[in-house]
């Protein structure tokens, strides 16, 4: 045997910093750290100097100053005497609203278009392809502007509904599609949990004169817009509508003015959730029965009933009625007003994102090999069952991650609200507020943080999903 | 200093709006035209001797102040309202008023509205990022009536919304209203409501702190106004400046007497060149937005003080 | 290995086109219950297509196919009935990757045969034992080797208790060691008297278990015979050529 | 085939963990220059890992590996030196698909050894001739068969003129006909006296060229011996079991 | 053979059957229509609905577009012509706005007599991307691709030729350090030097050098200011420079994200996630409102340059993800083989890994480019006149106030043609790669 020369233990040498794998990465990282630190401190010191030169400071105090501007669509109470912070919050909620609505509609559109594109009906699949390619290859901004213009140009304006030969409302005089948006009926309750005002019999007109006042619930869908009078001026304060005991006022005689408050909607939401839960239980029970006997009982009607019946009961108990929009002074009063800006943005975002989702859906279904379908058919499974039990569970794994990142894109793209004057967070916090206060640095920082947090949340959800459905492999 | 930069560059960088009929818009030959544009040309002529040595930068309501603050432009000649906070808090210097304006409303005749106070519940189109929306809020609050604001990014779009009936009234500066109405197919179907709900002195502005440059910008504007007052026009300016006249103000203005130009750091013919660039204030007005143009604005408040208006240039002395 | 007189599959003058391409030409074939038929032939000769016509994965355009007394037409009920009588194993197994082995095996019995889950699982475990992988029942297909997967695929078909089994090159996607596992399973099936149609190039298997070998070429049945005769004494030119190639190496 | 007294590789008490899993346990191994060692053992026994430690594709955590007198430590210079002394062939060849065969072979000599391109190409052609595929020099790897690719991989290693060659199952991804081509090349190499460590299950090869067979199990060297003795007279229980399986079929 | 049925056995075909034509109802238009349009009631319903949709859209669109007026000098005149030709109240397009303004929509305010420069630049650009996109083009053309950015810059902005040449010199210096100094001082040091020295050169020496050269041999084109660029020219400039500039940064970020060095990895991840998590429009506002805060007091460069910087950072994050995908798609064996041959990290990246990873990434990069190109329309919000911005400006003139659809249709079509063909190309490439990979 030859000698095994243990290499002499030498002390630490400087060149080990570069040539020794153990220290090398340390060295590189420290250098990188220093460089990054230098860069950051350079940027920050520049900023400090520049701010100094401009005589500005870095201060978020502006958020508590009165905003002074109005926002037409508010999900929470807001008027121009409230703070910039509050305005930002209104904007955030508006962003979230259009994002959620957009994601929902885009999914529907995308799934439908994706499936239609796979249809063996030539003309249908061609049409779906035209839709997909058309929307994917033209800038979103152009679509938003186009749809907005299309809606204002081709829909009748509210004044056209006046008179005999004017436009007429749809669905039994309850829905009006105008170039200011769509007015749909609002649900109001004569035994509202938030309490009802009682119109003194001698002055029914007084209540009607301030249509916005009695609808100033603390929250709820009715606040997407209130009738014709979207913006309450500062003095016309809404009476505080909270307090459960106010319901007793209904008994006080006189005509009860139906209204809705956040509590009503909370209750309804709770009932619906309970109903869905119940339907799920029914489904589980059916599965148990099937396991035990092999026969699966019909559950669909029962499930529908489980959701609908309690809902109807609650609606009746609350004395629900439809508050139909009616042509008032300049606009329709009552009902819910979905503004053009919201609709155009919503439609454009959904159509655009839907086109991408359609491709994802198509890809997801195509990714499931034909062999899977054939195997299922060969086992005697029906096409419907095959879809539910074999194709969809597999396709969803492929579809959902890119789907969620499309949701992310949609949410980010909602910042194009600027094109139609939809008051999202970029228009309030990142637009008018910055413009009125000159706080670009602070405003943009907050705005960026908001979007960042939002997208990190969404991608967090995606990661959890991904790891939960990973296919087991060797 | 800005003056040195401009001279070294050989070009004036002037911020204008992205497009407002009569005030600034590019024509088919890529040349910017308009009332605001004319001021920039006059300034360029005064400083650089050539009215065409201007680079126009388009700014939006959102970006205009930063563009000026960051030095991206030397002067902002986009119809910008002179307000306390803009002057003091945002650190700019308004160098004068080139157009006295006020916010008004336009409404279709068919609406049957005679006063803005009858607008309770109306839908109002506004341009965002301007003082307009604050004025509007104040007005409706003061009158205790409600409205539905429809914020729009550009004037062209707001106009289209209004025409299509997506809003009942459109509010912006009265000058803009007139300009807008002028381009309608049937201008007569629309009325401009009598209420002017705000004071909107529009004027060019420069950065705080560079007083020499501010002076040049201010006195170029004043020169245009004074020229009209003294009857100096682009037609007679050659003659008037060829030899001293017997009006010493004109002489000082046109540099045939005194050393006003040198005090500004320019030569003595600066004002002459500025006036020759597009004519005096009155000529610029008539050419771009006056009654003979499709915009059809009357002088109104913007007449010379001698004719009952507010234009009043300090003396050249 | 007994063959009854009962007819399991009766194919008469069956023709099929892909577009204008005539894949199957005047196929006539009678399969008796308990027969084990091996189908051989060069690539593209229409073997897979014929087999797939039998459980209507492909539609034939002329002639008739009668399986177990039921004629295959576009009547959905007939198709369902036939598909639950006829099991099929594919070259690429086509297990459902999102379900465990056991779930793969119980899916069809539960949803098609409407058998209680417990009972379905017992049956499944029975057949999994038969193919010798009961211990894998709770794994996912991705975790098994190819041979194991193919055996699961066979067990999955058997769980429907089919009266006829179709195999389309069940071993050709497998590594050599695994082929044996699968063939063993099939031999066992054959010994139990299952009616089997098997497309395969495993001539050893054909000799051992088939009682008839069918040779196809260009969409036609060119020759059929008992295995011994077929291999030792091929009559048609095409058959001779094919056999010389196949057995050559 | 001569073996010198000079030590080529000296492994002492080498240990390696993957996370908490102890893959290699107290490996002691001395390889002399010119030795041809075959490493066998069941799957997962750590054969690949050991070989990969020798040229530092994996890091060991305890003990020492001295190659050609240079200790493998975290010193980059040593690692570079050792890697250019030790050639390695992988199971999946790992040729660079975007480069031609010739470029594959000249890449490392040019960029690591800093040899002029012309000279590198000559060397490369020399070795390509040795593995009998000079005519493929300007093709891309994708255009060659598996056996040819593996021979290119061997030539590529040889172009660096390594003093030691490591092979990790060089034939297990190949079709039977191609295995022979590659083994022939390796035999030739062995005859020239190259120091070789080869993980393989080709026992014929082991008998023919190895002068030592090492049997590993569970991360340890269980037995080592001359091939004749090893095959005919295995001593350890594990070895017997393994040999019976491997030679069994 | 007791178990075999005598009658079934021993069939031998004597005459081979010929290929026959399928029954009539199985071929041709009849079958096609039956199968593709009218199989089953659902299909019939769908067909009818689709036909109705097609009819509804076309019956509105076609007359409007086809009756359009192509020659008029303003909207009023155009409306008069329409009323005259088709009667009052007919809706028809006023394409005349395009006849008059299309050069503006395409080139912005670029001087008319210099249109040849952007056009030539575009052709050179096509020639430069050809070798990257099509493997059939000779590799030598890659030199064109390498030089193209400088030539394009010079052609479009004009000015002295020495500027770009001096800039190229910086790259040459970097390359020289890498090749000649690396053997002597080690790769790591060489890489650092190759970054630092050219940077120093560009910041300090480059400007005076090119000035000096220009004063000796003045070679220059008429300079065109950035404010003059608009329309599709602007969109293309921003899109192309965004992608081209972001490639190196994106690759570095991708490598950083793959690195197992904690700080570098986390920094890359943070950068990528922050950039991708915030909408482009917010970044654009940052470029227009804030970038000056971050730079030394007094620095001030024009908006378009700032936008390009922001867009570059933005697309770098996306490119990084695309390239990371390409890196991940490479089998581990490639890394190991490179290591085993003794190539160090940078060499194995440059010679083995990146050439393959980038090739796989090209479709993704093309898709990123399409997205970016579409997103350039957002610059309208910070006052740059992209096609949409220009359409607003055009509508602000008294002549064309009120013209709407015509401009959008034109802009939309241009975008569609461009993006659609790029999209098809990337699809084709993906398919080809998939074929080659098998």
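We just call them A, B, C, D and E in the order they show up, numbering each chain from 1.
By definition in this document, contacts are C-beta pairs under 8 Å (C-beta built on N, C-alpha and C of every residue); 3 or more make two chains touch, one makes a residue touch a chain.
Remember, it's a predicted structure, so these values are computed and weren't measured experimentally.
The fewest steps needed to get from chain B to chain D, moving only between touching chains, is 2.
Omitting chain D while holding the rest fixed, one finds the remaining chains still held together by touching in one piece. The central chain of the assembly on a C-alpha centroid basis is E. Ranking A-D and C-E by contacting C-beta pairs places C-E first. The geometric centre of chain A is 30 Å away from that of chain E, both derived from CA atoms.
Distance from the chain B centre to the chain E centre is 40 Å, each centre being the mean of its Cα atoms. Chain geometry summary: the mean Cα position of chain A and that of chain C are 52 Å apart. Computed from the mean C-alpha positions, the centre of chain B lies at a distance of 87 Å from the centre of chain C.
In chain D, the residues touching two or more other chains are 76.
Across the assembly, chain E contributes 285, 289, 292, 381, 404 as residues in contact with two or more other chains.
Multi-chain contact residues of chain B (touching two or more other chains) are listed as 62, 66, 69, 153, 160. Chain pairs recorded as touching, per the definition above, are A-B, A-C, A-D, A-E, B-E, C-E, D-E.
Those residues of chain E that touch chain B in the complex are listed here as 76, 79, 100-101, 104, 108-112, 225, 227-228, 285, 288-289, 292, 298, 300, 302-303, 381-385, 389, 392-398, 401-402, 404.
Within the complex formed with chain C, the chain E residues making contact are 1, 3-5, 8-13, 16-17, 19-23, 26-27.
Taken in their complex, chain D has these residues touching chain E: 55, 57, 76, 80, 83-84, 86-88, 90, 92, 94-98, 107-108, 111-112, 114, 142, 156-157, 160. Chain A contributes residues 54-55, 68-72, 80, 149, 152-153, 156-160, 179-180, 212, 228-236, 328-331, 333, 339-341, 418-419, 421, 423, 427, 431-432, 434-436, 438, 440 to its touches with chain B in the complex. Residues 32, 35-37, 39, 43, 46-47, 50-51, 53-54, 186, 188-189, 260-264, 267, 273-274, 276-282, 285-286, 289-290, 292-297, 370, 374-375, 377-378, 380-381, 388, 404-405, 408, 411-412, 415-416, 419-420, 423 of chain E are the ones that touch chain A when the two sit in their complex.
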